[in-house]
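Chain lettering (A, B and C) follows the sequence in which the chains are written, and residue indices restart at 1 in each chain.
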């Protein structure tokens, strides 16, 4: 028998089979009893639609951020008071850390800003832009006031500094480059298309588990480990890992004001350099881009304390 | 001098970038569960266990996902398979003796012309207490067609969700059932 | 009693209701109209209805009644349209049709009631509406009933998990059935049985764990005819029982009619 009639028969049978496939069982729900059918004065209650946090509260967060940085600048540069700065640190840890649970933060916001710049379909609320820009603007004029007492991740590390050791300068420099690598990776993963996009900074935030009082065990261990390390090596995340810190360091280079060890007044006693846990004093001069605005140098200076003549 | 210039340049760049972003800003984007993909509520996939990844994966301590009953679509049945555990023994009232929700989050009250004698003679409203519900999905699975009418679905609640950049539930969800939507559409 | 599955008839399109006449011909109402199959499952005739047909019944004189949204269309055995009864309120969604000696009964799912008309189409009375819940409890959107030889109407009341008996005047005589999620003699889930047929016993179909069962008139379970032969997503499976006890059930997902025969021991 020739092939063509066989093929035609097969085709005919297959088309029949295709027509007899299962009927879709998706049904719109129009059979539920309605209010008038139920009777008795019944009215269908409204389904709750809980709204997210009020917009004015989000704006308040930005206002508090700006105000806290302003207070930090004043406390460190003008009042030079470690006591009040510690109070600010604890206050900001409470507000931005445990109340807001570490989110949104300027460190993570850099990813959102990068995505918004790269992806035309992605946009961010104004408060996120403000959260990103404000600490950088302050850094342009006064240095890393954000790091000093305002950043929640910095605050938690700041409060565990016990017996800081001075990290050898070369090692400190080398490790300091790691944060630029992290910055590069964070930007790289942020500019990927939507499905491949990864928000690294949020994923590897070591302290958010403490703020939320719950988290993946490995991240809690990492955070705990960094805090233990932070007792002896001052603020390891801030100095070596924080990608936003990389941006702040760049902006601080252009700051006219900041923590200064005044050359003609210094005693050359070197107590400030010993007191600084962050290696921000070299050759008796403040290295502004590393300065974490902790005011320990002022606290340890005999002139500041009014001891020396 | 040149430092001033550079600072002003950086400021200008920041301001320009900020202006660009602000002009683009158009309202909040939030996460929502896509019921057409969620295995607890989409048709097909019979014989599955209730998926509780929404409960276990959410970064918030008590998950931001809740079971929500769309009242207008509910059958108001006496023997609700989402309220009762219909595989449990029948009690003297002719109802199953056990409730399904492990946290006892569903309450019911008779509506319409209430017959106090015979429970089978009434319509019932089923109300889910969002303080108790943890989004485990057991009731959602039982409400799914054909057993129920599919009025209960899992939904993200925005007074609890912290709106992560990358939803931890989505990362774990085998059906990719979490989507980002403008707040107006998501509610 | 045991049943065995003998045949699957391909419905050739979405099916909603079936009926069987005294000659063993199978009438199927579906989205594309009415189809008539013979005893062996061959398609004998088909015709379109004005709207998707949700129910079908054959009167003693051979007239074919098709229930649709808002109307009942009456055809002769060859498919010629004889009458149309239109009433958006009384015939909102006709999902079952039955006959007593002198009247035509139509199950209206939109109002959760059974309507009784005389043979000319004049409305006589409602059945099943005289209760606190304003009708039968029908979350599934289908009212189904059957009429026995004495004119007693057996209506499925799925929300109450029972089959209720009414007089044609609307008086409730009694019921069989109860909820039970474990015992197969009971009706499981939220609302079962969805459909019912009468011959020498009461035959019911259920959804969600689709199954077909037979009871005697006192409510004792006689047989579980089938449980796992249907697509699990079936709902509102129409049932008809022919002479010789043959049971015809619609698989609404696969759009097929499954045929079962009692096994004579």
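The definition used in the following text is that contacts are C-beta pairs under 8 Å (C-beta built on N, C-alpha and C of every residue); 3 or more make two chains touch, one makes a residue touch a chain.
Here the structure is a predicted model, which means the values were calculated and not measured.
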item	value
Closest chain to the centre of mass proxy, which here is the mean CA position	B
Chain pair whose interface holds the most contacting C-beta pairs	A-B
Chain B and chain C, separation of their C-alpha mean positions in angstrom	38
Centroid distance [mean C-alpha coordinates] between chain C and chain A, Å	65
Distance between chain centroids, defined by C-alpha means - chain A, chain B (Å)	28
Where chain B touches two or more other chains, by residue	43, 75-76, 112-114, 123, 145-146, 149
Residues of chain A whose C-beta touches two or more other chains	25, 27, 31-33, 38-39
Per-residue multi-chain contacts in chain C, two or more chains	133-134, 139, 233, 235
Touch list for chain A against partner chain B, complex	25-27, 29, 31-34, 38-40, 42, 44-53, 101, 103, 108, 111-113, 116-117, 123-126, 129-130, 133, 136-137, 140-141, 197-199, 202-203, 208, 212-215, 251, 254-256
Interface residues, chain C side, partner chain B - complex	131-134, 137, 139, 159-161, 178-183, 186, 188-191, 207-208, 232-235
Contact footprint of chain C on chain B as seen in their complex	43-44, 46-47, 75-81, 85-90, 94-96, 112-115, 120-123, 145-149
Complex contact set, residues of chain C against chain A	10, 12-14, 109, 111-112, 133-135, 138-141, 231, 233, 235, 252-255
Residue ranges of chain A in contact with chain C within the complex	19-20, 22-23, 25, 27, 30-33, 37-39
